[in-house]
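Chain IDs A, B, C, D, E and F follow the sequence of writing; residue 1 opens each chain.
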Amino acid sequence: MFSLSSMLIPAIMFFGLGFLAQLVRSDLKFPPELTKSLSIYLLIGIGIHGGTEIAKVDATSAMGAILVALGLGFGLPVIAYALLCKIVRVDKLNAAAIAAHYGSVSAGTFLTAVAFLDAQKIVYESQPVIMLAIMESPAIIIGLVLANLARNNSGNGHQQRVSRELVHDAFTNGSVMLLLGSMLIGATAQPAALEKITPFFSTMFSGALSLFLLDMGMEASRRIGDFKKVGPSLLVFGIAMPLIGAAVGIVIGHNILGFGVGGITLLATLAASASYIAVPPAMRLAIPEASPALFLTLSLGVTFPFNVALGIPLYYSAAHWITQ
Amino acid sequence: MRAVKRIEIIIEEIELENVTDELHRIGVAGYTVVPRAWGYGTHGMRQDNNLGMGNVYLVIACDEKQSQQVIEAIRTILRRYGGICLVSDAQWVIHEG
Amino acid sequence: MFSLSSMLIPAIMFFGLGFLAQLVRSDLKFPPELTKSLSIYLLIGIGIHGGTEIAKVDATSAMGAILVALGLGFGLPVIAYALLCKIVRVDKLNAAAIAAHYGSVSAGTFLTAVAFLDAQKIVYESQPVIMLAIMESPAIIIGLVLANLARNNSGNGHQQRVSRELVHDAFTNGSVMLLLGSMLIGATAQPAALEKITPFFSTMFSGALSLFLLDMGMEASRRIGDFKKVGPSLLVFGIAMPLIGAAVGIVIGHNILGFGVGGITLLATLAASASYIAVPPAMRLAIPEASPALFLTLSLGVTFPFNVALGIPLYYSAAHWITQ
Amino acid sequence: MRAVKRIEIIIEEIELENVTDELHRIGVAGYTVVPRAWGYGTHGMRQDNNLGMGNVYLVIACDEKQSQQVIEAIRTILRRYGGICLVSDAQWVIHEG
Amino acid sequence: MRAVKRIEIIIEEIELENVTDELHRIGVAGYTVVPRAWGYGTHGMRQDNNLGMGNVYLVIACDEKQSQQVIEAIRTILRRYGGICLVSDAQWVIHEG
Amino acid sequence: MFSLSSMLIPAIMFFGLGFLAQLVRSDLKFPPELTKSLSIYLLIGIGIHGGTEIAKVDATSAMGAILVALGLGFGLPVIAYALLCKIVRVDKLNAAAIAAHYGSVSAGTFLTAVAFLDAQKIVYESQPVIMLAIMESPAIIIGLVLANLARNNSGNGHQQRVSRELVHDAFTNGSVMLLLGSMLIGATAQPAALEKITPFFSTMFSGALSLFLLDMGMEASRRIGDFKKVGPSLLVFGIAMPLIGAAVGIVIGHNILGFGVGGITLLATLAASASYIAVPPAMRLAIPEASPALFLTLSLGVTFPFNVALGIPLYYSAAHWITQ
């Protein structure tokens, strides 16, 4: 069912290499532009692929997946916020900012899960890709709402303007545009013309993902110095929250959406992952009182490597167990 | 040459639009932005990473009166998000005419 | 002959996505280095491909194409200049700068036309690629000459030095070097060795082009704010001039060069397209009195999207009609 | 420490060679160029695009006398192409000897 | 506003860590680094290439006393590797409180 | 055995194109980030390929290759240093810095040799890839030791700290981490998963190499202005030293490691090549008294183009001759 050798896939190994390079203080560095270019490429690639797959899905099950994605996007941050305020005892504004990260998703983690399944030749449903696109936005809005509640008002004039802009940004966000736009292109473009871009966006995809994860390994590892600022109870949260999210995802994937092992694993991964690209700047603008050292260390330094190294195989095992 | 105030501002990239909006509202003659700066301050180290959230470096040359308005506007932004603003004296080389 | 579905090719759709993303003020942004890297890649790719094709063309017809390219490169700016001065009534220096843009060409537009033909499995001659390389330079020189005439002298010492440098630059221009150099490599390298670089420069080409056009869509759309500065009669010029150029190209392609539908469409596109990469900095240096807001808005914000969305299918229809 | 003039120039990238040629002709001891700046001025917004035509930020430390020559040379260039030049006072930390 | 010293340093990128280590040791409140600068000086043209070895541009705002310490520390580094350091006066816009 | 047509391979031709573009002062420029991205990509690609090959090599012969690599890495700089001090009569600190460059290696040169062999369908051993990874570091350390000897002491406090850091850097160097890490991944990853990244890191490799060498041609050519600063005897050294290194490499490859023509050519190329990416910044830090104009002009402006244009075919001919 699950063996160590299932970890020996380039995506995960390159992540480990990056993590190690940074640990031994290597001077290895990616140009920031390469990281950004790779993430643009990966979002388009996943979008096109999702679009061609979705063309085959019937409207009812697509709609079900979208509703579930919205439910998770709005629901998970509320759970995270409650945990953070009541149990971890973080102040409300930091709690709101962190919660928003955990309601949103990490495309890098999702793609690692896809690579994991591919390496083991497990098939999976195509709905999770739409859910990836959908789940980017709601968490940002919930983060805003929670922060405004915490401030006990809807904010002053400046806050309101920022809020309005952020709701706009949540939906016109670069990642969201790329994912949804490419999905549309994948679903509607002439098949013959689409085939011409397949070598670039599909055949090369896994290699480009490995390169991206190499850099993400370095980024995650770079956060280690901030661990002491975060404190033990928040560190526990950074591992407990993905487990809670994954559990919710597994139950919903199995009982509500009726996915197979592959689809359940992907949905669990979505629910377990925390955003570290789109949400941090949004929360920095929305809740300047919150500390980036906290939310970035948790999402990027704790939850992301946990999911890549341990979480994904674990969620897969659980998905395997529940479907038997 | 004309005596002007030279205002330099270092802020997070995500706040830049807030600042340039203010500059246009005040009606300064111009400004320059140097992107991709990073640094250290009260908020700790800001970006030596590749995931965004770096700083920008802004220079504005303007007369004394406008500089007061810029400083007032920038002060509220800095109070909220951090960053620094330095003001010094300079001579602007006039090239028109 | 032409249907809406012929527009559903990724190259055009990604251009549209970029255009839209910018319209809704998405925060999507390409690193400038990615744009530059893609344009280097595309020029080399098109050059190599052209070189291998040209090796098959006989010298006479290649020479004919080169002469026509020179004729168009020197002739079109004169037509544009006359129109701008007499009818649109722009001042002479702005007219010279704009005219230079319309005499030169846009590789992005040319490649979109190629993708359009490919998607419909229309074959085309290989001479237009040489013409693309040739037509970069003459327009810059004509722009200079027109500006010097407008200034009613050959310029002061500084102007003369700038002119001398610009003539040098017109021929050692990065795009020209890349196109001609790769063409030479494509035509002369060992076939077996050339095959080893085919996956990179040829198989991946269409995908990379889509990525490039996504950014170009954003760039074009970014110009919309400047439309009001341009004024209605110049806007009309930005659509009329490509139609005039295309008509000239179609007649020459059909009657002089004897191309088929594909080749005529490509030549029409070359003649219709306006440069927005190589010529703007050259004209900024050569004619500092001219306003970049005018020439960039026209070439990048009006003519480029017009050609991509409407022009190319139109030129194709006309080529189809003339060859019947 | 030695009192010097600190000249900062913001111009379009394409004119940079014009300026550095002048600097070498005048014989300044050195200069520094920060590329990829952008900004706003009398010529409107200059580059928030990816197609080139951005600005550069130039800093030159030199003595009073050379600064006069630099200012004269730069003035003709600015008149033609736009851009700005600010001059201020600074102390140069001497490290030789 | 508070009167401060504005220290600007231009050094090779590879020495940057030496400098920031010193700055942290001295305990300055902050600093800003603008990467990818290039320039000309006693060591000739430094980088117009793509293989690394460019300069960085560093700005530090600090009080008079710390500026002395920074200057002393930087002087040894400049003596070894080249680069320049300029010191000028500025007003720091205070935003706290 | 060797003909001019063997030079007509894209890798070499693109190097020539870059060299020429810079010679005619074209405005062609690569974004620095593209160069860095390509070199990261190439190191990973060569590492993965080497790793899969090395999995097939027996431990004894791998160990032999590693020992020889260490021997060359420590030995060649000593030869270079002696030549520079005694014959060329350079001061000791400059001699130490230059010597370190010649003990280390240039991946670009190595890959050009691989492309050269591939184009002629010559097989080669897989050990040279490990040697490439191993030979990066020792030369840096020897350079340090020679400089300390030259300074007649182990340096002051600062020097000692720099030395300690440089020894650390020599082994955690980005190139070394990427090469060794990817080799490990290539050797141990699941074959099925590895196959998924093959299109990216292997099929596209030659094309990406051509792009990289285009830029390297420009970089090399850019050094021409510094030739006069270098002086004739150092210029001679820049050509003599690779010949000496190659001779050593050929003898060792043939007599000690028992390689065939391909492997001998590659080892000769390693021994002949001089570093221009990893070593220059290390020497700048370690020996600030040494002049970058000297060591960069020699390694990048003289030895690199010499090896690409003349050295490699020459070493190949010699390898051919010795094995007959």
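To be clear about the criterion, a contact is a pair of C-beta atoms (placed from the backbone, for glycine too) under 8 Å apart; a residue touches a chain by one contact, two chains touch by 3 or more.
These numbers were taken from a predicted model, which means no experiment stands behind them.
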In contact with chain B as well as chain F, sorted by label, we have A, E
Touch-connected sets, chain B omitted, are one piece
By label, the chains that touch chain C as well as chain E are D, F
Farthest chain from chain E by C-alpha centroid distance is chain C
Per mean C-alpha coordinates, the chain lying farthest from chain F is B
So, in whole Å, the Cα centroid of chain D is separated from that of chain E by 19
When centres are defined as mean Cα positions, the distance from chain C to chain F in whole Å is 41
Residue ranges of chain C touching at least 2 other chains are 30-34, 36-37, 199, 204
Flagged in chain B as touching 2+ other chains are 34, 36, 88
Chain pairs satisfying touch are A-B, A-C, A-F, B-D, B-E, C-D, C-F, D-E, E-F
Note: in the complex, chain E contacts chain F through residues 12, 14-15, 36, 43-44, 48-53, 76, 80-82
In their shared complex, chain C is touched by residues of chain F numbered 5, 8-11, 13-14, 17, 20-21, 24-34, 37, 115, 118-119, 121, 199, 203-208, 210-211, 214
The residues of chain E that touch chain B in their complex are 1, 4, 6, 20, 23-24, 29-36, 59, 61, 88-93, 95-96
Interface with chain D, chain E side, in the complex: residues 8, 10, 34, 36-42, 55, 57, 71, 74-75, 78-79, 84-88
Counting only contacts in the complex, chain F reaches chain A at residues 31-33, 36-37, 40-41, 44, 168-169, 172-174, 177-178, 181-182, 185, 188-190, 192-194, 196-201, 204
